[in-house]
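Chain IDs A, B, C and D follow the sequence of writing; residue 1 opens each chain.
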Amino acid sequence: MGSNRLEAFSDGVLAIIITIMVLEMKVPHEPSFAALWALAPVFLSYILSFIYVGIYWNNHHHLLQTCKVVNGRILWANLHLLFWLSLFPFVTGWMGENHFAPLPSALYGLVLFAAALAYWILQQAIMATQGETSALRSALGRDWKGKISPLLYLAAVAVAFYATWLAQIIFAVVALIWLVPDKRIERFIQKGA
Amino acid sequence: MGSNRLEAFSDGVLAIIITIMVLEMKVPHEPSFAALWALAPVFLSYILSFIYVGIYWNNHHHLLQTCKVVNGRILWANLHLLFWLSLFPFVTGWMGENHFAPLPSALYGLVLFAAALAYWILQQAIMATQGETSALRSALGRDWKGKISPLLYLAAVAVAFYATWLAQIIFAVVALIWLVPDKRIERFIQKGA
Amino acid sequence: MGSNRLEAFSDGVLAIIITIMVLEMKVPHEPSFAALWALAPVFLSYILSFIYVGIYWNNHHHLLQTCKVVNGRILWANLHLLFWLSLFPFVTGWMGENHFAPLPSALYGLVLFAAALAYWILQQAIMATQGETSALRSALGRDWKGKISPLLYLAAVAVAFYATWLAQIIFAVVALIWLVPDKRIERFIQKGA
Amino acid sequence: MGSNRLEAFSDGVLAIIITIMVLEMKVPHEPSFAALWALAPVFLSYILSFIYVGIYWNNHHHLLQTCKVVNGRILWANLHLLFWLSLFPFVTGWMGENHFAPLPSALYGLVLFAAALAYWILQQAIMATQGETSALRSALGRDWKGKISPLLYLAAVAVAFYATWLAQIIFAVVALIWLVPDKRIERFIQKGA
């Protein structure tokens, strides 16, 4: 079993997640600035989550390119990742509708943490099929982004109850870290090809 | 007509089913633990159904790999399966919102039963195109999982009205049985290739 | 431009249409037979529309197989067809929620008629690119199904205001006519291949 | 990384956007002409947005055909475009539900403008990978449609507060301009092939 259908299915799920998040931004019944302004927090949380799903889609694509053979473990590790990503619309909506209150912000961080963990598990599952000289292993190198992100998410969860704005800054900073394109795998693949 | 477009369409439907189920977990208007806790049953039923759709996606993929030619019978047997799977978001939401009450739990089991039956019909339709020496037939062997699951679903339906928790345990156990990867078809395909 | 991306996009839209229709079946808040029974008309209309979308997906697939080159006219004829099909969830929900009342039933028939017309226009657009010896033209033959269906839909629209049950019977009968697999194109393709 | 998965993901997102827009057309609880008539503005705005998404899908497809290599810049420029398009269901619903009131109409124009800008950025990103003799650059020629549309959207935004009907006419006219198939890229690709 090749990775094509895995990619196609994941693409489908990610495309739906990124699109239904916008449904949490309920159409107001009044055509006023005030009604629009009331949606600002939901809109901000939507932008944040849109970027995160975009990052996951991007990284996921690069990850699967190094994956030639798909076994049951990879398949379920992938579904496990999609499960946590599927909670994005919920936590995004909850955080936005409650104006970035402490508890929803902490939950948002927790889901980000779980998704990062799930991504790491998927990475391990793919490496396991490739043996010691894994192309992915060489490509990842020290993988400092992958290691620091979960820690920062946990820090945001803890800090959310004391200074919620700081948790939001952490979410934004981690997104920025990843937005800077990850040349590592790309470079490696080009060398190999 | 090859099985590619059938696979792509089924992937699309399954990706949407697995993702819109999360919409039944309505975003609460309060940022409190109590509001989150109230969603626990919906969340649990979501996890259960996510795993079931994952199992169907996995098995469906393996099944279609043995299918070289698609005729009208296979096509409609496949749509028939998708029909029952499309009811998952409804029965999942109903069971979750009503805290695993007897009737919704029984209906959940009934839809699982109907989906299992539809899967079996699809399997038969594919085998029928392959004749006596069907690759799928050899791969399936005795197919004990496929035979025992519908019986367990029916048992859960019956038991739901007397001991709902037992029905839930049956749902979880059948999911676990399938989660153990089905090596049979995989092995056969590798031998053949 | 080949027909692959046209097919993939249409598949995506059809997969979403067939799946979001189920969202019109709102999860009841009570775990009772009465609450479930109240949904019966919505469920029946869902089954009817599921079959119709399935028929369109099936025929659409066969149609595009005869289409080697896609031009702007075909592309917009296809989007025009998808537009009418995208109204299925709305008219299905309206007809179901109002227990097959005359006006919603008539509108349902009108949308079926418009979709049939759009399909015919798409067929013409594809034939136009193939010239006199069009493979599709030969495959279609007299196309009695394609000719009789719009007339029956119109009859159902007219009759809906006097005897709604008769309109429903017409909808079911036309669906049955199409469910019988259309061997014409299939046969032709196999001969050609 | 080829442009295939970028296309598939974009197709998925566009297919979902075009389909969930119909969900803003809430199913009325009464089977009357009055209830249907009340939805007329939502329906009209739905038609307008359906055509716009269709135009974007069409142009996007032609654009990506000229794109052989995908880098991080193109990938994020594409996600940026999808972000603005993902706001279509929201602004469409808001404009429709409020009977084309000034503010929602202006916001609709603003989102159209942002999407046009994002499309232009994506075009630039693709050209940048192709160097001076860019196939896309030659194909686009003077690109008068791409240059005049954003200006017209801005004009509609400004005019919406004084004469909303004029803003709607501008939206319709720009859509018509694009509906006339863009032969430029198509012609170029056929010459090159």
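Definition applied: a contact is a pair of C-beta atoms (placed from the backbone, for glycine too) under 8 Å apart; a residue touches a chain by one contact, two chains touch by 3 or more.
From a predicted model like this one, the values you see are computed outputs, not experimental measurements.
Student: Cα superposition of subunit A onto subunit B: how big is the rotation, rounded to the nearest 5°?
Tutor: 90
Student: Please name the chain that ends up farthest from subunit C once chain centres are defined by their CA atoms averaged.
Tutor: A
Student: Are the interface residues of subunit C and subunit D largely the same numbers on each copy, more than half shared, or largely different?
Tutor: Mostly different residues.
Student: Taking each chain's centre as the mean of its CA atoms, how far is subunit C from subunit D in angstrom?
Tutor: Once rounded, the distance between the two centres reads 26 Å.
Student: Starting from the mean Cα coordinates of subunit A and subunit C, work out the distance between those two points in Å.
Tutor: Using C-alpha averages as centres, the distance is 37 Å.
Student: Tell me, which residues of subunit C touch at least two other chains?
Tutor: 8, 12, 15-16, 20, 23 - these are the residues of subunit C that touch more than one other chain.
Student: Please give the residue numbers of subunit A that touch subunit D in the complex, ascending.
Tutor: Result: residues 7-8, 11-12, 14-16, 18-20, 22-23, 25, 27-33, 36, 47, 50, 54, 57-58, 61-62, 65, 179, 181-182, 186, 189 of subunit A touch subunit D.
Student: Would you pull the subunit C residues touching subunit D in the complex into a rising list?
Tutor: Residues 1, 5, 8-9, 12-13, 15-17, 20, 23-24, 71-73, 75-76, 79, 82-83, 86-87, 89-90, 93-94, 97-98, 101-104, 107 of subunit C touch subunit D in their complex.
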